[in-house]
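Labels for the chains are A, B, C and D, by order of writing; each one numbers its residues from 1.
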Amino acid sequence: MLSFDCDYVAGAHSEVLKKLVETNMKPLSGYGEDIYCKSAREKIKKACNCENADVYFLVGGTQANLAIISSLLDSYEGVISADTGHVNGHEAGAIEHTGHKVIALPNHEGKISAEEIEKYIKTFYENDSHSHMVFPGMVYISYPTEYGTLYSKNELEKISAVCKKYEIPFFIDGARLGYGLMSKESDVTLCDIAKLYDVFYIGGTKVGALCGEAVVFTKNNAPKNFVTRIKQHGALLAKGRLLGVQFDALFSNNLYFEISKHAIQMAEKLKSVLTGKGYQFFLESPTNQQFVILENSKMEELRKNISFCFWEKYDETRSVVRFATSWSTAEADIEALKTFL
Amino acid sequence: MLSFDCDYVAGAHSEVLKKLVETNMKPLSGYGEDIYCKSAREKIKKACNCENADVYFLVGGTQANLAIISSLLDSYEGVISADTGHVNGHEAGAIEHTGHKVIALPNHEGKISAEEIEKYIKTFYENDSHSHMVFPGMVYISYPTEYGTLYSKNELEKISAVCKKYEIPFFIDGARLGYGLMSKESDVTLCDIAKLYDVFYIGGTKVGALCGEAVVFTKNNAPKNFVTRIKQHGALLAKGRLLGVQFDALFSNNLYFEISKHAIQMAEKLKSVLTGKGYQFFLESPTNQQFVILENSKMEELRKNISFCFWEKYDETRSVVRFATSWSTAEADIEALKTFL
Amino acid sequence: MLSFDCDYVAGAHSEVLKKLVETNMKPLSGYGEDIYCKSAREKIKKACNCENADVYFLVGGTQANLAIISSLLDSYEGVISADTGHVNGHEAGAIEHTGHKVIALPNHEGKISAEEIEKYIKTFYENDSHSHMVFPGMVYISYPTEYGTLYSKNELEKISAVCKKYEIPFFIDGARLGYGLMSKESDVTLCDIAKLYDVFYIGGTKVGALCGEAVVFTKNNAPKNFVTRIKQHGALLAKGRLLGVQFDALFSNNLYFEISKHAIQMAEKLKSVLTGKGYQFFLESPTNQQFVILENSKMEELRKNISFCFWEKYDETRSVVRFATSWSTAEADIEALKTFL
Amino acid sequence: MLSFDCDYVAGAHSEVLKKLVETNMKPLSGYGEDIYCKSAREKIKKACNCENADVYFLVGGTQANLAIISSLLDSYEGVISADTGHVNGHEAGAIEHTGHKVIALPNHEGKISAEEIEKYIKTFYENDSHSHMVFPGMVYISYPTEYGTLYSKNELEKISAVCKKYEIPFFIDGARLGYGLMSKESDVTLCDIAKLYDVFYIGGTKVGALCGEAVVFTKNNAPKNFVTRIKQHGALLAKGRLLGVQFDALFSNNLYFEISKHAIQMAEKLKSVLTGKGYQFFLESPTNQQFVILENSKMEELRKNISFCFWEKYDETRSVVRFATSWSTAEADIEALKTFL
């Protein structure tokens, strides 16, 4: 069975695993205060070229989203997101569970625009009874989006300007950040991200780690006592080393970027194979997730040899499915895929 | 200044106030255990022809909505509502504050249909990853809706059937229930409501009381220890008599229905006056709220003598405004209105 | 049956009721923006001699407690209270339901001291792992306490100083504030209260109103968008007039203080009657609640003619019971009581 | 520096790590549905001799505690715990953050008794106004306790009987379960635990794993849709394999018990060394945590070569400190310790 169903099918990258093994028996402090966490923090700050960054390690994406969003919002505020945003649809209501509304705006291929965000906020404040409504308190986007698409630098700058104007934080869910930054179509760097956003996270789970996301508050703007907040959510690992060691490896020798680039190369190969075979794409994605429209009968046939992800119904007889590559995808997998398509 | 801006401009109906005065110095038990609460409960059960009703009195609509919804949902469930539903837009995120998502479906003149609800639920359960999503755990509608429109008995029965099929409760926000039931276009009675719904409330605040909503669980299905839940929300009045006495008066001598009917008659007069003057309606409302499209200049002019409610922008030069009648609207008000239109 | 079981057995004071009747049909703005709310706010600010006060009206004590405490605490903070504090024991976990721990310190006749509070806070910050603990974020006391006892001005000043030192707000639950201030043993005035506290409320429910507590933030320190927060808790009355009119009456002609004084006079008479009959007091209370130790058999006998409140078991054969007076207690009640003791 | 400060200073046991390495590149399903999670579940059920067990893997102890407790309690219920219970003091208010009170009873060397629990519950229900209070909805104990002490089988049976009588679940925090079961003073087995409790967890983080706790609902009584609840708390790992593989290794070849036994042997050696050197114990602990009273000056001196944990002030000149052993403690460490004491 060929695995293209998601970007978390394998364990950790060999360099990451090696470091876990090497450091395994060293006695280390708990709760993120060990030397590897400290080293990883410094490396990330350097990679972001952001001296004022506060860096924290959390286990997963939903956890990072809920810890960040609930810490930055006041009780009467909600977070603006595309309706396709991960926080809106696929986190089992984790944001609402912390007491906050996800204010969902209609997406365009997974994206929302600065104009739409500003229009929403303006209309809100013009409404006489807005004190009876949820205040827009934050903007959340995913980079890349849930559909694999990317915001251009210009689009991000415009959203960032709206956030500044209304004094609300701009937050990026970077569960797949590496796959966005390494896309040929990306015109932003990690340093740009650190400049444009108030807070973002660098996904490890989907990019080479067993688990872990590195949360970066870019302006020494981590919420007061953020460690206590994390603890309160049951999200503080006793053996913080597990995250520190992994991110230390990922941010050594450009590893995070190299393995992300590999995944993109595999995605391009995949794309060209699919195109060659005459498959129809649902949308144009420049990152590691590719969405294809299949006849339902074809879908069932392919499933015998390939695992991929059903995404949504397209019409009565066709479905949208997702093929994902990752750091662990081998060229041989793509070659093998050809024979089954 | 003529007051048509809402249905809570006056205090209590004279009969209600009289009873508050008469009973004022009687020493009574607290927390809803007094004889008037008990009497009001019995009268409401009788008016609903529903022996299995559990009746509780809460101070206001948002409070009733959040207490009911949060008590009936499991932590991973959300409530389905029209996007125009009061719980979705105008309660400052009270539902999300209790930890639950409002699952907003697009409205049609304030309504959602059984077909749309069922489609949503079916699609949810067909989704392979629905265990990562918010479960649809309840259906909420307003009767009449926020646009003054009504569901027919047939429409309600169909929604009720969907709820039964998927074993989720069907809940009506009856903040303006009287104005719905007394509409000429209504084909349901209070007894029908009690049969079709698992829980609803009979609005007092907007229909003759100083405050208060009577929550009715129709199948002895009040959540366990509901009084403790109410207390936990800070919603249990020490002097429960304030609510009991008022509802006892409202459900004596058919008062609740008589004063609701009066409001409807005033709305019809209002409608005919507006029609006569050539005003354009935003939609056809058979209840006490009337929505009219005004040129913005006209709107400003009218505001000098009449208070009404700006509802939403219609286009660049026109607005939708609301005129509301209530139990306290006098015929003289309508007559006076004529001279200003 | 003679009623001494609590201080909320009757409706509203006649002056309060009269004003409700007089203003009943006036069309007024909703949600606390009417002229009576405004007038009441001004009168309260004047009575407190506190120009910087932000005043809000809420329906009841638990509601006031939870709205204030949850708005002023950060998510990782708890509120310090005597273990006998109302928020700790008798509000069905309302504070915890908003996500915050009540940090309960052992009481002395219902009180906690500045020394004990400071010791707790100091020990907390000295603890190496305090970032894994709930931060002390606020001090809550009741005046008078749940046992009817009073803090002296000196005691309050010392607690206030500790709060200032650790930069946490000092909050008083004044559900029975009038009965405290009018006690002969009280050496504080309403103006002192406004100076010493960051926030407090003036109880109406137990002192002459049908319902209502006036929350006073003394330093223009109301939490941002407090109205929206109140709305979110389902605690914003559409007919805010109900509270405004009542507090306007209570703060006209010194009414609040006069009727509180009456309750204290009745309590003194009650005390002297009980003493005369040889009853044993559980503790010395200078306010409207009197705690007496009764043989269980005697308790059952008295219950035939007098309603009072069982408080707690004293030993195997005796119980502590509470007799409460209020603004509505008549001298005749005390006289009648004599014959049954 | 010799490390005795806690039981999470090292990474994973070599067998656990080996299995992580071996399985690393296998493509596996996410979210706990992989073959290792399944295998680990079966091995745990077998070790518990409990066919009706529902087993889930969570990342850490606080997370397990909050997910279990908040899922099993109704909104108006709290959890009974010793005041020294981890959930009461050292989880940053995680339980309260989910909306529930921790009902803290005074501990005896970390323990509470069946009699005390029953007395609390009985008194609660006898209280006339218990509907205004937090209902006792669950009993939580730690095995071993935070002071390293153990409940006897008889003590556990008696608490279990109280829970059955009042129909509330009995829950054990087993963060150090192995160290309890392998103590010479323990008279219970894992099978006994599975019989006596409704839910417990088997700590991995402190017993050989990098992270992870195995939650066991013993009577197919996992809360409905528990995976969705876990997701909602941000506690569902995409790479569930990380937990499955580790527990699969821990429950192969009796590893969990063998390494726990080793820690206990080291603790015994430690104890005898400390005794030999004339150190005074704070209490008698039969498990891997040993509490010693030190002169403050001595404490500072020892700290130069040994890391241990300050526990609490004993008196003005002395402190209680904790020495912990674990699966990773080597005999050489104990030998080395001797020379520094």
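By definition in this document, a residue touches a chain if its C-beta (ideal position, glycine included) is under 8 Å from a C-beta of that chain, and two chains touch if they have at least 3 such contacts.
Bear in mind the structure is a predicted one, so any value in this text is a computation, not a measurement.
With respect to subunit A, maximal separation of chain centres occurs for C (centres as means of Cα atoms). Of the two chain pairs considered here, A-D and A-B, the higher C-beta contact count falls to A-D. Here the CA centre of subunit A is 42 Å from the CA centre of subunit B. A straight line joining the Cα centres of subunit B and subunit D is 50 Å long.
If you average the Cα atoms of subunit A and of subunit D, the two centres end up 33 Å apart.
Counting only residues that touch two or more partner chains, subunit D has 75-76, 91-93, 97, 99, 131-133, 228-229, 231-232, 236. Across the interface of their complex, subunit D is touched by residues 1, 3, 6, 8-12, 14, 17, 20-21, 23-28, 30, 59-67, 91-94, 97, 205-206, 210-211, 228-229, 231-239, 241-242, 328 of subunit A.
Listed in rising order, the residues of subunit C touching subunit A in the complex are 70-71, 74-76, 99, 131-133, 135, 224-225, 227-229, 231-232, 236. Partner subunit D is touched in their complex by these residues of subunit C: 75-76, 78, 89-93, 96-102, 128-129, 131-134, 310, 313.
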